[in-house]
Amino acid sequence: MNYKAVLKNIYQTIIAEENEGKVATYIPELAKVNSENFGVHFLSVDTEEHGIGDWQKKFSIQSISKVISLSLAYKIFGDTIWERVGVEPSGTAFNSLVQLESDHGIPRNPFINAGAMVICDMLVTHLKNPKADFLAYVKEICNCDQIQYSETVARSEASIGYRNKALCNYIKSFGNIKNDPKDVLDFYFNMCSIEMNCKELSKTFMFLANSNFKTSKGEKLLNTSKTKRVNAIMQTCGFYDESGEFSFKVGLPGKSGVGGGIVAVHPDRYCITVWSPKLNEKGNSYRGMKFLEAFTTVTELSIF
Amino acid sequence: MNYKAVLKNIYQTIIAEENEGKVATYIPELAKVNSENFGVHFLSVDTEEHGIGDWQKKFSIQSISKVISLSLAYKIFGDTIWERVGVEPSGTAFNSLVQLESDHGIPRNPFINAGAMVICDMLVTHLKNPKADFLAYVKEICNCDQIQYSETVARSEASIGYRNKALCNYIKSFGNIKNDPKDVLDFYFNMCSIEMNCKELSKTFMFLANSNFKTSKGEKLLNTSKTKRVNAIMQTCGFYDESGEFSFKVGLPGKSGVGGGIVAVHPDRYCITVWSPKLNEKGNSYRGMKFLEAFTTVTELSIF
Amino acid sequence: MNYKAVLKNIYQTIIAEENEGKVATYIPELAKVNSENFGVHFLSVDTEEHGIGDWQKKFSIQSISKVISLSLAYKIFGDTIWERVGVEPSGTAFNSLVQLESDHGIPRNPFINAGAMVICDMLVTHLKNPKADFLAYVKEICNCDQIQYSETVARSEASIGYRNKALCNYIKSFGNIKNDPKDVLDFYFNMCSIEMNCKELSKTFMFLANSNFKTSKGEKLLNTSKTKRVNAIMQTCGFYDESGEFSFKVGLPGKSGVGGGIVAVHPDRYCITVWSPKLNEKGNSYRGMKFLEAFTTVTELSIF
Amino acid sequence: MNYKAVLKNIYQTIIAEENEGKVATYIPELAKVNSENFGVHFLSVDTEEHGIGDWQKKFSIQSISKVISLSLAYKIFGDTIWERVGVEPSGTAFNSLVQLESDHGIPRNPFINAGAMVICDMLVTHLKNPKADFLAYVKEICNCDQIQYSETVARSEASIGYRNKALCNYIKSFGNIKNDPKDVLDFYFNMCSIEMNCKELSKTFMFLANSNFKTSKGEKLLNTSKTKRVNAIMQTCGFYDESGEFSFKVGLPGKSGVGGGIVAVHPDRYCITVWSPKLNEKGNSYRGMKFLEAFTTVTELSIF
């Protein structure tokens, strides 16, 4: 398979078409990004690598970070984490409070905001210096040094994140947040504010694609079974209430963020990251979805 | 991989453990089945084949039939079917009416009852003799002659299926059923009443596993893209509100029925059917779930 | 109080203003009515009586009939009826199925469609000739002979009443309908099709206003406590999800129907009926609501 | 009517019966109250007055305060308040977040927590010293000097009120809270912590019963129409999802609080306050509900 040619071809087709959708504006800082950024980075398990367009520019990874925090909590606590968060798709928007009421404070899955907060709460409890330790972990699995939180974005979201504050206090009212909601939210907003470029994201997600993956310290992150399970949750829950659509059209496990990034993983083959800030009405990158659908259609490679 | 040994080993382990759950009783006829039946049939794309236990006994395939009707409608109407039914997991029980209200009569996916009825409605409109033509289609893709509806089971469900009647009339009230609800329900109850054994089911689902599949008439059923998409929907929606759990634990696309059957598909590798009538509280075969989780864990083969 | 002058004055004011809203079209027969009809009939407990405009024209009383069937069931079965239907406002539209799911088939109150069907089911069980006996009862409390079902309207609604069929089958699935849904629906559609004029409605509802009320056979219908309780349910539940608004603006117990009729009761003082077919977006008569708000505001007479 | 004898008689009957229900424990301070307290105070518009049992003991009025804050906001802002809060019963529990989602942040009515917070937000915006000014207002309409906030109770609720914090932040996320949620919640928790005895509550609510009511400064609080409208909202919304039941059984507008108090108003006749801390499962005073049902049944006096 000539991946390079396929990637280039799709990129050129899509960049020539209208760039629909809207940049996320609910976080004031994110609204400032140039909406025409468009980057792609492909990394195979045998280290074939292709970057196109704005693949070296940093962007806010936002919800994509939830996969990283899940992997850390899963590594630390094992399957006990599933007592406090489910693995079912939610069928509703990413920040819905409705389901929490009927589910008595147990979020449906770790990728809706509520579930990610419960995972953050576990890490806040366990890590000595939660923010510093988490960042060190990210750098380790990415094997890159140049990764930072964006204080500006974190503060920007904290300043208007009333719905997330509502969510966190609501889960606390059910007893499924153990720490002070303020501390959990501070960790959560920082985690979401991490900035990476497409290449760093592809590298970071390699632990889900490559069964021989080792961290920069030579450590295996998750065993085979746990790795498969994280992929399975991405497959069913990675795109909020468009998860079925992504699975249907792209056929790969993946995760999106409102910064416009999407990472998809083809186990035993490759990671691919696409970044384009304009979002469709479900909150997923318009060009990102389009690119990945075309990619798996043309290559006829998906997990199905 | 010595599939035979693995299958046998898991079968013996599970049959020695307590058989929890309950046989479905809401369809009176189904309640009569012997709850200790336990059959497995494995069929690889290169025709390696293993049957264990009650793999030759017929049982009511129930909702597993929804994959077959979907494939027929998809073949006939192509992607226009997605105007009337979605591809998102529902997050709620299989016969919930709540979501239909907020979704204005467009069922979330073709595998919840509401969605399957919309698919049935399409077939009732298009087929000359809906029941006869559908059965002929089933026989063709299974390449077996000995397949029948169970009039007893269909009548039994019709006699008490008030919730399904409610569903069908409700969708009709939104205009998303075109025929008389009575005719659609008659087709639906018959379709669910089809009886097969494990081997016949494995053979029937081979069109989703084998990219070179041809029907008994030498016809390719669905092209690669459509085949992958049916698998993707099974992955996210095949087990009602336990779809995430199945994806998480088993990691394969599959479909269950309240008769206690489960078929799972590993694209390009195999189909596997397990049948055991006792259901867990989500309505999926207790031993079926257990068997398949063990099978993909031991073989370390799943799509992820 | 010079009721006559007040009524006339308000009538003239309102008829001079634009007649907003829309005639109900979901029952084809109802769509044929002249939307400019506008009648009022006032009847005090001491038999002062005023008719204005189209007060002698018959119209389809629709949901107003639910108060009459409730009174008959309450008379026959006493407080046991509350085991099968509640007395709480629903907070949702009149034909919502959502609440029934969380309430396990016990409708919130007897004035939403679901609750009225449960009341109808009780009457179908108890009455020898349900339709004939119910009509006789209506004539008796109204003390009028010229009251009939409209076969045309009943058939018209039956032909398209898929949502009501869904509701009835749904309640049946919870076991809270005892008869065949077909028979219950036939009774229900007929009951709603009763035609009366404003005067007949005012007379019919006098048993809720006049504590000395006797039927044409000299019988007291409901005792004081039961009478008050029916009024209380009309107060909180008589106008679907506009019940609070009616209570707030008009301050009287009352009941509306999609035919455009509204009856309001001031206990120990009067009954008043207004009819005007155009409905506001909540399904209540636009001019009816306006008239009654003006009437209780001008007279400064409400129950509060 | 010999009110005194009737009241005494009912009191003695009920005190002899088992005192079911549970004292509210979710606010730690409230859990400390003696659950056998039982007081009644009756005050007619012509100043007939009867106190029985613990009518002189102070208790936490909690949600009863929501009627007082509503009256102040209504007086200040007039009917513009209804742009930010509705008048419909909610059909759900007092602290539900679900409806807010479908209603886009407009609470159903001013007596559910969400609605009361919106009213508090208006007062926080308008009053110079919100807490001091509000207390002065309460003293003025009660014509009593000895009324205070309980700092202990307010702090106690603030320390655990995660669900209320969730609610307030959630409404803020829709833009229907203008101030900092912290300030609104501080006002809200203080308002709910006001302590009164039965007599003070009866006196405070006299402005809703007596059309000639004047405050201690000789001011008419609300005009006739506004007074009736507050009563109407109490009638339909005063008891959370037991409002219909209270209307049905008692037939008077009223308001309850989790401190075990209930005030009921018979317009043009009397106010009556009952206090007994044990609550039924809907969160309303067990003995309070029982007492008032008996009182209006025996006297055959209700608004219906």
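A, B, C and D are the chain letters, set down in written order, and residue numbers restart from 1 in every chain.
Methods note: contacts are C-beta pairs under 8 Å (C-beta built on N, C-alpha and C of every residue); 3 or more make two chains touch, one makes a residue touch a chain.
Protein identities per chain, from UniProt: A, B, C, D = Glutaminase.
Quantities reported herein were computed from a predicted structural model and do not represent experimental measurements.
Path length between subunit A (Glutaminase) and subunit D (Glutaminase) in the chain contact graph, taken as the least number of steps between touching chains: 1. Under the contact definition stated at the top, no chain borders both subunit C (Glutaminase) and subunit D (Glutaminase).
Inter-chain spacing, taken between the CA centroids of subunit B (Glutaminase) and subunit C (Glutaminase), is 47 Å.
Per-chain Cα centroids separate subunit B (Glutaminase) from subunit D (Glutaminase) by 55 Å. Centroids of subunit A (Glutaminase) and subunit B (Glutaminase) (each the mean of its C-alpha atoms) stand 32 Å apart. Among the residues of subunit D (Glutaminase), none is found touching two or more other chains. In summary, the structure contains touching chain pairs A-B, A-D, B-C, C-D. Every residue of subunit A (Glutaminase) that touches subunit D (Glutaminase) in the complex is listed here, in rising order: 96-98, 101, 162-163, 165-170, 172-173, 181. Contact residues on subunit B (Glutaminase) toward subunit A (Glutaminase) in their complex (touch as defined above): 86-92, 99, 108-109, 224-225, 227-229, 231-233, 235-237, 241-245, 247-249, 251, 253, 267, 297, 300, 302-304.
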